[in-house]
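Here come two complexes built around chain A, the first alongside chain B, the second alongside chain C.
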Partner chain A sequence: MRRGLKVSLVALTGTALTLTAAGCGGKKAATSDQKTVKVGLAFDVGGRGDQSYNDSAARGLERVKKELKVTTEEISAKQDEPDADKESRLRLLAGKGYQMVIGIGFAYTAAVLKVAKDYPNTKFLVVDADQCKVSGANVLGACFSEEQGSYLVGAAAALKSKTGTIGFIGGVNVPLIHKFEAGYDAGAKKVKPGIKVLPGKYLTQPPNFDGFKNPALGSEAAQGQLDQGADVIYHAAGGAGLGVIKTVGAAGKWAIGVDSDQYAQPALAAVKNQILTSMVKRVDLSVYDFVKSVGDGTFKAGTKQYNLANDGVGFAVSGGHMDDIKAQLDDLKAQIVAGKIVVPTE
Partner chain B sequence: MSKKVPAWQAVLRGLGPRGMALRIGAPVLALLISLGITMVLLRVTGADPVSSVQAMVDYGTTPNSVVDILNRATRYYLSAVAVAIGFRMALLNIGVDGQYRLAALLAAALAGALSLPAPFGQILTIVAAMVVGGLWAAIAGVLKVTRGVSEVLSTIMLNSIATGLIAYLLNPKRLAEMRPGSNNIATPQVPSSGRVGALNGALSAIGIDLPGRLYGLLPVAIVVGIVFWVVVNYTRFGFDLKVSGLAPGAAEASGVSAKKMIVVTMVTSGAIAGLIGMPELLGASYEYSLNFPAGLGFTGITVALLGRNHPLGIAFAAVLFAFLDQTSDVLQEVEVPKEIVGVMQGVVVLTVVIVYELVRRFEIRREQRAVAGELATGHDLARAGKGR
Partner chain C sequence: MNAVKKLRLPHYLLIAAGLLVLLSLVRVVDGANDVTSSGTVEAMLRLAVPIFLAGLGGLWAERAGVINIGLEGMMILGTWTGAWAGYQWGPWIGVLAGIAGGALGGLLHAVATVSFGVDHIVSGVAINILGLGLTQFLAGLVFNVGHAKELGGGPRQSPPVDPITKISLPVLSGGGGTPDWLGSLEKHHWFLVSDLAGVLRGLTHQMSLLTLVALLLVPVSYFVLWRTPFGLRVRSCGEDPYAAESLGVRVYRMKYAAVLISGGLAGLAGAFLVTVAAPIYQDGQTAGRGFIGLAAMIFGNWRPGGLAAGSLLFGYTDAMNVRDGGQAVHALLLFVAVLLVAVAAWQAWRRSFLAAGLAAVAAVGLLVWFLDSDVVPGELVSFSPHLTTLLVLALASQRLRMPAADGLRYRRGEAR
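On to the complex of A and B.
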């Protein structure tokens, strides 16, 4: 009996949906205007508004829209979704006639490679390509030397610390974030061998990716490191890092931002004077470069490394808190670019 | 029959109206209401509700989407059945999430290390997953009967413990393997002899051509549904299960050991939970990695509620949820935040649950009024009895 009614229930919704759909065909705006160049971008967990990683990508997209006059479309990821979801998201964009499709975050690597095969005329970019390896004549992978930028902000942290103790907070315990910690640690110890770098605190363990999203976790971890005497704390925790910066800022200590120049982020305006610097990862640059190269026909498949040498990573100087040590950091930077210092990644 | 069942129990056990008209009326009403609310919500967010729904239907019916929806529904379905088994006796297994993740990880490690000829490797992997899921759930069952620990609390805690345990085990020093420079950590790949092929081949033989890869283990979900239905309706165990849920006192008096039932139900629920990850592991990912779908256990709770714990109801609920999740991406194209889909799902479940409960109460009140009326007129109920 109950089965019968369930059938009718589903049939009914189906009919209702079909009816509504049929009732208004043609109202939808035409999206297949072939003349405009269209760029589709799929965000990583956290999406637009994380004031950090995804927002850096969003800035790239904005710039592309303004300077190169293309239509853009964004779709964000859900938490804990399987690869198939990412695949169908990219397929949706490619299938709608977007000439360029961008996946933000290493989790998109496999999906991009798979979908790219089915859409040979569409160009794909995957930022933070896993293992920095891609394949296919229409795929570009952008890789970043986060450890190099982290090395410089690590040096800055050590130079600015009064207590001699500094901290690091990572979002999720994955190899990508280990690179940030390794560089930070090495940079700090290079300029001040006696500095105490607290053991890196990771907010969550995979497969729980809350650590890139939940600011409350960041606040709590930051408080913990403040209590242990840290007076400069660097975070690589995406959206959760907002909690780190706010807590550290409220305590009157130095926070170091990540990915975007977080001094300039509106959501952090209240504590921006406590943001010493940010390790800038130019995801926006990689997005812009990609769209531009496709536009002027210079697109090259393969991978592209963004590092200190091509300013793909670096440190922000907004706020002027770095003025007194900038020369010192630039010297370190020159040594890394020249290959005299090799920054560890583990 | 006038003994009042608390609303939450009625909701969990899937009690609803018993009269024919109301049985058909209640879900129709609920869906109309939720469709209406959804339309209003879309309007409020500034979108055109009609074209939004049309975009969803258009996208959801493309062959690629159909395959994705069916795959997704398979995961949701197994998860919801695992939950529903507990719900049937008012046992809240919130720990399905931890049970299936842990089971999938250990089964993946086993499958990656095995190289057995075709059917044995797969069977062993699946059985191992069910055993792991069952054992992990058994902890909560045993704690409940020996120590009186609420299964809600213990399973929630066991979820956290499972997460920690997985993070510990999914490490190059233990069950995972190192891939230099990779941000992903995964167990060794399942060898090709241990995999389950896609269903597409079998389907194209009967004239249905689908792109992509449909889970080879999709039929397992159907079998689980049928077994669940048969066991609940036609076996001693199913009867004991229902009675223990409806009237623990009566069950105890008629010789059903409540303690045994609790443990057995938890283990069964956990064993089914162990199956959740199998279609993905053996049919698509071939490894347990950071990208392995997580959180399915919680989706299962909602799907089971919506499906009223009935195998067919759950099937429709799973497909509906899979459809909504699959098509959420397309909403962003018509400038609607995809999070609205979560709201839609919540609206559907709440409306269905509330409407069912209200209709059930309305029916009870109507019956009581009828009985009271007949008593007042001195009508002999016993004699008039069957004619009511």
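On to the complex of A and C.
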């Protein structure tokens, strides 16, 4: 009997450990020789398939692979991982001889800066660099003026609302997401001063980043705002936005997507006719620009701002729900680009 | 301590009515209509059901004397198998597959603990690790390729699963295009009347059929465990397996059955997450609900009714947290303050002055906080479900009794 006990224990632990280890591995790159250019990309929480933020980055990587003929490898972040895991993930990529390493999301900022010092010959990109500050001769930080794009979709929400009440749902209560809310609020009040913007709902508080990936939270929060009379709801919650859009769509109200053009995302095909527009954040463009600049030798360290002026942010028109107000929004856009309207970020 | 009087159904109904009156009062005072709105009650149900089902799984296993700390792992297996079958063949097949996936985890637990006599905690922890690792591995293998990827899958999530049909009661809650009487009553925000309407509408409006199934499992579990010979045998294995053996009960078989049912219920909880709560499987989706389910089971004194009450409490605070947040929780400050005053009076009457003093101080503190602010900041709101869990378990742990042979190793034919 004791032997049976031991065997079963060993077998259990053995399988458990093997499978856990197997579950951690990323997608391996195809065979590569020494000369090919290799790009490594580490996703934020949510990972590929979140239909939003990470998928925008994934599109950039696909484009790079197709047009610039480079080898790529991608790794997804784990739920609730410590910063040390992010660091070792980047170190793994840099150590394997990747000439370019990309960290998606502000959570990678500290890790990128630290690892970049040890690998001076590798170029690093961190998307959404924290406070838009980076250092080092081999680090580029991509920063986005999300408040500008949010301003325009806020105006769209106010123009399309019939109840005069609109809502905003943010993933995690961090400064980056406050920019979305501030722009949305300002844009809505600009075109309709009397509009009621419900207080922004943040799904989780840091350090719990579940709010960027858990659709169940998004769904309940959206139901809460619908119950308060909102008929247009904008989310900046990454993968959790799936729940927001599905719930709002099922209720026959307008949802506004974020980061990717969510009208075109496969997992949302069932409710796409209730997606008014999306605040597009061209993470894919920043990934593409970075790889291209390193490739043709024009790489410059520091930060790069993506805004309405260089179409780094904007709004999607898929589905044609915006046709009647597009001219008005383009006018607002021109005023922001010209500096006549300054969009608040807090 | 004086003899503990047994509380019966009328007592519980009286307590519930009293709490509703108090909630209603608080709502009117603070103008926080979300405290008893039908939306909150609906959300409470949706959030409580996975906890309840996991807890019910724990209840079945522990009634048969097997501690099942692997509920979380079995739930994770249920989410994966549920989503895998659900996105291809519809949500109900997904539910069945989820039950099967969880039961598979239960079978493993039964083989280890019943046949081989492995320590229950060790086996449970191994199943938690196994469930997480296996599903992560399989998700990358299955959801990140071909057709599944085109439908929106990825290495950490599945393609979307169609939701399960939701139903509303006709006439009262607007089902099938009929008038929505309770809804119109609720909109007036009258004292007590609207609150009652809100709660009733929440329980009868837009309820998923799977929620209904979960609610029916309360009486079904009670009936099977306490009113059938099979249930009596299962429970006797949890109280005294050697005595049961001497009376001819096949203890191993009973334990196997109970742990399999336990795994199946945990799997059902997982399937609920992918077919009702969120439309997809996602890595890390269960977020410790299996363990909260165990806490709810302990709170409910290893009985289905108490477990349901515990789950609803967690569901309610969670609903406050994910819906409106700040203002509603602010109103609850007053609610808890009034309750604490009652506790203080009760303790003082029993001449337990230290406890009375502590409760009174806490009540005054909450009252000052209530008067001094308009909303509770988001950081604290997200903490409220955990705080409630802690408080309630601390207060309720006085009268609990677990099955006598729970977690003990049993070998057939051995002496005690």
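Brief remarks follow.
We adopt the following convention: the second predicted complex is superposed on the first by the 314 of 346 C-alpha atoms of A that agree within 3 Å, B and C clash if a C-alpha of one lies under 4 Å from a C-alpha of the other, contacts with A are read in each partner's own complex, and residues count from 1 in each chain.
In the analysis below, a residue touches a chain if its C-beta (ideal position, glycine included) is under 8 Å from a C-beta of that chain, and two chains touch if they have at least 3 such contacts.
None of the values given here were measured: they were computed from a predicted structure.
Residue contacts after overlaying the shared chain place A:Asp128 against chain B, while chain C stays out of touching range. Using the contact criterion defined above for the overlaid structures, shared-chain residue A:Glu73 touches chain B, although it does not reach chain C. Of the two partner chains placed by superposition, chain B and chain C are both touched by A:Asn173. In the superposition on chain A, A:Ala216 contacts chain C only, with no contact to chain B.
Within the superposed three-chain model, A:Leu92 lies in touch with chain B and out of touch with chain C [touch as defined at top].
Legend: residue contacts after superposition of the two complexes on their common chain; A:Asn208 is shown touching both chain B and chain C. In the superposed model, A:Ala107 makes contact with chain B only, not with chain C. Look at A:Asp50: by the touch rule set out above, it reaches chain C but stays clear of chain B. Once chain A of one complex is fitted onto chain A of the other, the partner contacts of A:Pro82 are limited to chain B, with no touch recorded for chain C. Residue overlap on chain A between the chain B contacts of one complex and the chain C contacts of the other covers 1, 4-5, 8-9, 12-13, 16-18, 20-21, 23-24, 27, 76, 78-80, 173, 205, 208. Of all residues in chain C, only 34, 37, 39, 42-43, 46-47, 108, 111-112, 116-118, 122-123, 126, 129-130, 132-137, 140, 143-144, 149-157, 159-160, 163, 273, 277-280, 282-285, 287, 319, 322-326, 378-379, 382, 411 touch chain A in the complex they form. On chain B, the positions that touch chain A within their shared complex are 16, 20, 23-24, 26-28, 30-32, 35, 48, 50-51, 53-59, 62, 64-65, 68, 71-72, 101, 163-164, 166-167, 170, 179-185, 280, 284-285, 290-295, 307-308, 310, 312-313, 316, 319-320, 325-326, 328-330, 332-334, 338. Chain A makes touch with chain B in their complex at residues 1-10, 12-13, 16-18, 20-21, 23-25, 27-28, 31, 73-76, 78-85, 88-89, 91-92, 95-96, 106-107, 110, 128, 130-133, 173-176, 205-208.
Across the interface of their complex, chain C is touched by residues 1, 4-5, 8-9, 12-13, 15-24, 27, 46-51, 76, 78-80, 173, 199, 201-205, 208, 210, 213-217, 219-221, 223-224, 227-228, 239, 242-243, 246, 250, 265-268, 270 of chain A.
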